[in-house]
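Okay, got some structures for you below.
Next come two complexes built around subunit A: one with subunit B, the other with subunit C.
After this line comes the complex of A and B, so read on.
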């Protein structure tokens, strides 16, 4: 059964990726007047600086270079060419305003986005799981009610508002963290402590404000734990004289976390989504900022490429989560009903 | 106003010629009103979160309806620029860099906000309920597989970048259209929750009983399944609204949505771009929109939390006056 489960999950991941690339193709076609019309103005304004005039064939050629779409071919040929260039040549087109290919632009930025997203997820979720569990253990205590209100309050704060407040208090009022960028000026990149420290300082605030996103989980965790704490098997475990730590992790923790699986899955996509706004606020040059810059000048190939890469990252993350989930909950991989 | 005792019920059940007086319409209406309006309201009154949440939302509704009518739409140069808050009673919240009163701007942004939230919530909740109920009820069939594959694909695509691409292509200015676009990436998570709820409801004995009695699938869906789902749908409608507010304000704040209307995000954008963070004279220009968004989503979150307890069947039965108070039905 294990192999079957694995194959099914990987098949689903591939299908999702295929569907996303198809979606970007559809989005290109949905542009008013098709991709050629939509890109013409961009290309014309871009060519304005150089004095050479440009004729319609050249525009068509440029559109093809940028987007992998040959706009006068029949639609199925276009679709085939587009898909094959993405899947076989890993070619996502070319940026309209620089000489770079979209793939190289994204490859340069992606690690930075991953850095802050992964830490934000890990911090946000582990803090809220622990907090939720403690709240449940101390149900109806003062700690429980105070932290409930605090969590609800944080949950109502958009992450970008949190970001603005962080900048205000930590960067402008007290010069603890820098306001933007990846690392300080004049620091030699490489494996030296100063560089590492600078990266950590610059990433701290974006990570903090993105992890606000995950905090709503604390309330779900609290509810689940309270429910599990009332179950009969827990009383049996206590009567068996098991250690409290074992009851807390193996019995309560495990059974309370498992139902939140879908929430985590959506959380992965949510954190990547939020990077567009967070990276702009902190002018942190990751993929999100690339999207932001691309939208300002309608740099469609970069936009579509970013969408594809964002989805790819999510797919891989969900796949990893899926496969590890089978370890934690054996019912899934043995073909039991999900949910 | 108590109904027949259980043994009366049994007798009528075995009575061949049922000659029972049908419950008069007015009585039935009264009973339904008691069950669905009065009792929930009574439960809600006991839960401070529901009370506070409802009060906050009601305040915003007033702002968007009566407030718009009372306060004139602000225009540039109405007042001196950057008046600090709480100094001039005409502009209590101060004015911005163009001399527009901030309070009036906040108020006039509310109706469009509600339009957006309404469209987005309707789209996401409607889609989620439809897909979730359908695939939950047809579990294991082709339709279920297809619907869930689509759901999983859309869950995976990060919503904001997709919405940004869509906005770049269509340049929507109408709040309803923006709401629908934002709602589109919002439904899959809820659809999955609804589906798993439907799956567990389907196993309940009363659904089985209805099936054995030969009641049509449509009626079962409506009376047994959908009624049980209402709690989830209401709670999630509030949360979906909060998400749509977050995302739309965020997109206005980034300047990605066209500045065709007054919006809290537009105000934040202008203040933030004007370096309000490092200019104490502009603090209020940024702070009040932030506070407005926070308060509205705080109200929605509290409301959704409070509703959780309202939909607790046992609790509701205890507060209803037309139901016998002997423990209520077993869940």
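After this line comes the complex of A and C, so read on.
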């Protein structure tokens, strides 16, 4: 039963991923004028200025290198070639404006985006959980109503507005944090304190503004906690004279957070996609900024590559959430065994 | 069962809730003595205050309810404990060590995400008990409630049937060796067979572990099979208390008599208490005089203005009615057993046969 489920779930994930890659292929075909066409024009216009001319075969060759597409082949051949290079060679094509492959560009940028996304999630969700729990414990108090309003307010404020405000107050007005970049100029990268500190300073504001995204969770947490506080097992735990700390963590905490676990994992996708704008605001060179720049100049291979990677991360996160949920909530795993 | 050795003493107990439309008093000036090692049944309609009265034994009335008055616990040895005056940490120690409580929600009394073993273990741990010794006791208790310790301890609540959960909870309630076990409708959600087996089980446990049981229910037939004494609650206070035989054969309060009258067969458990004519008392209202007068066929001027005190019917039997000695003529019980059995000792088990 377990093994079966595992195989089924992984199969589903693979299928989803396969479908996404297919979709990127379809998008390539559907782009206005077609990316190859655009590319061809671009190469031609570049050649105009220079003296040496390029023959059409060379152009074809170049286009194929960039996009993995052989434009004059029949569509199913193109499809096959595209899919095989993505899946078998991990080749996502080549950037139009630099010599780098899309894979290497992404590999270089991804850790930086992960850094801010992971911290943003951890901070956003921990704050929400604690805040939500406290609100529930003090249900209907002044603190509860004030925080509810604040959280709803923050939650409806787009994170980029928060980001701009942060830059304005902390970087421009007060100079506490830098306005952009990943680390200070002239600092030698490596495991030295100055570099680490610089990374932290540069990442602080992007993390802060992205963690605003997770704040809505506080309301979910509040609702869940209120529900758990009314449960019989909570009353029994109190009657049993258990320590308050145990009741707060093992009883209220665990049971209230559980239903949000999947939501957290899906949140990874939300954080990644929001990184596009946040990184642009803070000129933070992560994947998000890469995507943003790619949109500006229609760097299709980079765009498509990022789309594929974003999808991959999301699918993997949801898969992990699904597969681990059973370990966290015994009702799921044994339900599979019993019924 | 004489009152010479009292284990829980309740005096002038009031339980109040502040509500928008005024103060709601769900227990009013209640007095009650629970004798050591007896089984005391408390019966009443839903909303009569019986659960609140029992919760006060552990000062565990749900928020925002407040218990005032005196609840004194007399341990086997040592100083009496004034339960309502305990600090939070003292109360945490007191609960489950001296008085444990199993209530209606047994079906969902366990944390759904931890095993039954964890429940025993954390209870022992938070009361600073020796864990290995405590777990041995847990296994022993589980066996005495006819559960297989190896299987149960590693289970989660959702893997157990209702009856198993209820029995596991009873075992859990005894793990710290309390002297008093309060059971609030512990059989409400169980089928008939399981109800009876729990009752038998409780009787065995009581003998084995020297327990004092306080059993709250709306199921009179069930109570007559278990209780030594029965207290009848109506409108937020006790209206009659006596031995099970006293109540069955010589009920001296019109309400008790009406209750018996609507319970024709004491061998058939009741799902819901039969509603006696007239409307239920409202906990916000102040009822002048006897609280039962709006529904009492014997009510007169005096009943409407004065509140009847507890009147002594016999040395084991009290009734809060001015006319307790006339009640048997005024309120007839259609299926009443004519006389009490000569020996008087078996009534608790077969009192309903007539």
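FYI, the second predicted complex is superposed on the first by the 311 of 339 C-alpha atoms of A that agree within 3 Å, B and C clash if a C-alpha of one lies under 4 Å from a C-alpha of the other, contacts with A are read in each partner's own complex, and residues count from 1 in each chain.
The definition used in the following text is that contacts are C-beta pairs under 8 Å (C-beta built on N, C-alpha and C of every residue); 3 or more make two chains touch, one makes a residue touch a chain.
The structure displayed is predicted, hence computed values, not measured ones.
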item	value
Touched partner set for A:243, first subunit B, second subunit C, both or neither	second
Partner touching more residues of subunit A, whether subunit B or subunit C	B
Partner chain in contact with A:251 - subunit B first, subunit C second, else both or neither	second
Partner chain(s) touched by A:233 [first = subunit B, second = subunit C, both, neither]	second
Which superposed partner A:310 touches (first subunit B, second subunit C, both, neither)	first
Subunit B versus subunit C as contact partner of A:152, first or second or both or neither	first
Partner chain in contact with A:164 - subunit B first, subunit C second, else both or neither	first
Subunit B versus subunit C as contact partner of A:291, first or second or both or neither	first
Intersection of subunit A interface sets (partners subunit B, subunit C)	none
Footprint of subunit B on subunit A - complex, ascending	12, 15-16, 19-20, 23-24, 27, 30-32, 38, 152-153, 155-158, 160-161, 164, 167-168, 172, 219, 262-263, 265-266, 269-270, 272-274, 276-277, 280, 291-292, 295, 298, 300, 303-304, 306-307, 310-311, 314-315, 318, 337, 339
Of all residues in subunit A, those that touch subunit C in their complex	231-233, 235-243, 246, 250-251, 254-255, 258, 328-331, 334-335, 338
Touching residues on subunit C, where the partner in the complex is subunit A	58, 60, 62, 91-97, 100-101, 103-115, 122-123, 126-127, 156, 158-159, 169, 172
List of subunit B residues in touch with subunit A within their complex	49, 149, 152-153, 155-162, 164-166, 168-169, 188-189, 192-193, 195-196, 199, 242, 246, 249-250, 253-254, 256, 272, 277-278, 286, 290, 293-294, 297-298, 300-302, 305
